[in-house]
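Here the chain labels run A, B and C in written order, and each chain numbers its own residues starting at 1.
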């Protein structure tokens, strides 16, 4: 019996080692074949990720000389893989590239390459692509125009029930608090348990309005201002004011990302403050018809130049790495894939799914039957004023962490705006 | 025993060799690498040649107040593990061993069951439990009569380790319980019966016979608990939301992860992270040696 | 009932309740749509459970099977659940349905009984089929199985052999040193060395291979195996081995025939701990496995969640798929642990 077990174990081991030698990727074969190594971003939680395999298969079927080897990851896993691969010298040809602080790894390893000489200006509307480098370079092809990270979703049906109107000013919102509380509703559903939400979805807009300068954050990082200056401290103080006024509920710091959406979708909140991508979470058609997306109402004393401003960042997209661009065959294959990826049909799908607000293609015709919220996004873009900086796109790691935690502590009264501002200033300059 | 012959040596090498080989290849090299890197300004992404910077990374770590905060929290976790999970695990194993309850297989499975779920799932579920208007808050509201009462322990550094400690005990006690149980199997039941016939109570049997017999297992488990506390990452990471919760509950592995992986603006972050990892290992070794010392004093026979 | 017994029961029952509740939640929630979960995370499922009032709309989305076998199919798209489609062979529909225009609404109760039942069952298991196909869980499941079985087998073999060498063979100074060396490995966690590990394995060409991933799992499983194996083997009296030697048995013989059967409880313990750990292990495989052929189940499970959105219904279904096999196996092995298995004829 024991010898049999032993024999079985050895067999398993031998079998295991034999099979284990394999696995992994294979090389392109055949004449004239180009292999394109892509590091893709996405997962099964978004349409983009779900569609990736289909898009790759379609492209390869139409282009038999190009073979795509892709790996798809998301969030931290993606960034870690980027770093691991760059550290090991295993650079992909094409990848989903952030050009702000999150794309630091590409910058450090000199993998950014200017796409302006290669991009087909009849296909892409280059004026819709923000410059990404000091000389106006374009390092990747964004999926769409700027990603707006701070949008106030309004449940107009609920407002109507309570006899309220869509607010134009912050004071109007404060006036709504007693009415909402009496009806057992929150005013703004906000995922305050997550530090980054305070940063991306609120602070950027507030700083822009209070300081009167959409680019205040980037200028502060460049040394022109200090975070301990009045505009930044006042912005932080405003966050506390929102909690004190009841516009943000007292349990806002205990509301996580799913709970905030839940609250809004269930009609337990008048508004929801989040990024434009959150529109995809509103699945009920009845609610969709009653949702309006507006920029944050006017803050007391804001300059008219910043009226209706909202924070936004350049969209992320796929770009060639320096390695990919160095081989003309690979480069051409990659550009071809990008044009397929951004084809009018695929862009229309992306638009309908809510992945982008507006495309960067030339002469794009939006399909007639877009879902309600996509149309509403277009309405939003019409209502919006200038774009202001998203704070975490400029402020580096430790300072940003301190800021996020600091904002939450301000909300629960454990820290003052002045203290947090001083911390951020200190860490940002190291 | 006798002297060692050549065949003895061959047998020894063939017994120990495979494990050693795999271990050295996979573990030794990266660890040595990590130790070396921690003294340099290694930046693999920019591809620059690393320069020797001495103790710069270590002193940076020691001057960071977050490090000490994480260290204190970690000591709390060690305490919860050694003085919570192990005694409870031991008692539960004993109860099962002595068949004091019926349905042992079932109860054993239940206590060990949390180990099946990945810690990330457990973290997500428990996080939901503690958030605004979650089950715990609802219970509080019902008990206190205040409809806006919320469970706020997760928000303050003084109290955050209580709910986390609770989760830690629930999850990991089962792990120690089955180790104790496996070792309890070795004990001759006849011995226990004889003691009981002589008039010993359950308590006396437990403290005077069982505990001394399992003293070395207790020590091993204590060491495993200490090691696990100092490298455990998943649970606390997924139980806390990013921001004050995670900062309050920060433990050393999370501190390392944030500095080495998330702080993208720091170009020497991998070297810095390596220094922190090495420090964590050194701290673990120090605590374990201490535990070993205490254990020997208290009667455990073999040291590791 | 004595006080002892009462307290014991109380503790165990409390533990059971605490443990079972999340599992129960996970199970019934895996039958809810994402929209339902957003609305109320604790409520009972309703949308997917045999509702006959769902409407379907005829859509123009082409059926992938039609492209293969050429048979005509009608696509019915659910108006409640985004992206949920049924492709029905035209022949199976009653004549009045066979040529419906695109956009026409079809009530579920208008369809023939057999067809309706089929659709109801498919609706019930919508999350599971979605999770399985979108997450490509089939190959991942097999990979997880491979990693667990091969790694655990190797961990047991190598660590028990080494434990025997360290505890029962007469090389005390070497043994102490080497055993400590391996034991120290328990202090390491994967995030701590992932970058140098990845770089090294990359240069050896072992990343994204079954061999590479298995080797790492084995290396990380050895410390515990050696620690527990040694501790247990020390408790086995030397006299047993000596008498075997007297009878002419060599080292390997005593190891295999005598010591191994006596260490079964610890072998089982180490196997279970490692198997569970590897089955649920996520970070290593995430970093090392790039291609679908090497990814394991946890990667598939967690592919349904990101920072800003989550398909909770599908993820829960994937989690259930991941948990059920482990629980089944555990309950099978459970008896061996509580009853104690000490083979061998030697009396203490």
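Assorted remarks:
Everything below uses one rule, namely that a residue touches a chain if its C-beta (ideal position, glycine included) is under 8 Å from a C-beta of that chain, and two chains touch if they have at least 3 such contacts.
None of the values given here were measured: they were computed from a predicted structure.
The chains touching chain A as well as chain B are C. When the interfaces B-C and A-C are ranked by C-beta pairs in contact, the top one is B-C.
Between the CA-based centres of chain A and chain B the separation comes to 36 Å, rounded to the whole angstrom. With centres taken as mean Cα positions, chain C sits 22 Å from chain B. Chain centres here are Cα means. That of chain A falls 32 Å from that of chain C. Across the assembly, chain B contributes 44, 128, 261, 270 as residues in contact with two or more other chains. Listed for chain C are residues 41, 154, 157, 195, 199, each touching two or more other chains. Shown for chain A are the residues in touch with two or more other chains, namely 80, 83, 87-89, 196. Per the touch definition, chain A reaches chain C in the complex via residues 2, 6, 9, 12-13, 16-17, 19-25, 43-46, 49-50, 69, 71, 73-75, 77, 80-81, 83-84, 87-90, 196, 257-258, 261-262, 265-266, 275, 277-278, 280-281, 283-284.
In the complex of the two chains, the chain A residues touching chain B come out as 76, 79-80, 83, 86-89, 101-102, 104-105, 108-110, 193-196, 198, 250-251, 253-256, 259, 396-398, 401, 404-405, 407-409, 412, 414. Interface residues of chain C, counted against chain B in their complex, comprise 4-5, 8-9, 11-12, 15-16, 18-20, 22-23, 25-26, 41-42, 154, 157-159, 161-162, 164-166, 169-171, 174, 178-189, 191-193, 195-197, 199-200, 215-216, 218-220, 222, 224, 226-228, 231-232, 234-235, 242, 250-252, 255, 265-266, 268-269, 272-273, 276, 280, 282, 298, 301-302, 319, 322-323, 326-327, 330-331, 334-335, 337-338, 340, 342, 348.
Partner chain C is touched in their complex by these residues of chain B: 1, 4, 7-8, 11-12, 14-16, 18-20, 22-23, 25-27, 29-31, 33-34, 37, 44, 92, 95-96, 100-101, 104-122, 125, 128, 135, 170, 175, 178-179, 181-183, 185-186, 188, 202, 216-217, 220, 223-224, 227, 230-233, 253, 256-257, 260-261, 270, 273-274, 277, 280-281, 284-285, 302, 304. On chain C, the positions that touch chain A within their shared complex are 34-35, 38-41, 82, 134-135, 146, 149-150, 153-154, 157, 194-195, 198-199, 202-203, 207-211, 214, 256-257, 260-261, 286-287, 290-291, 293-294, 303-312, 314-315.
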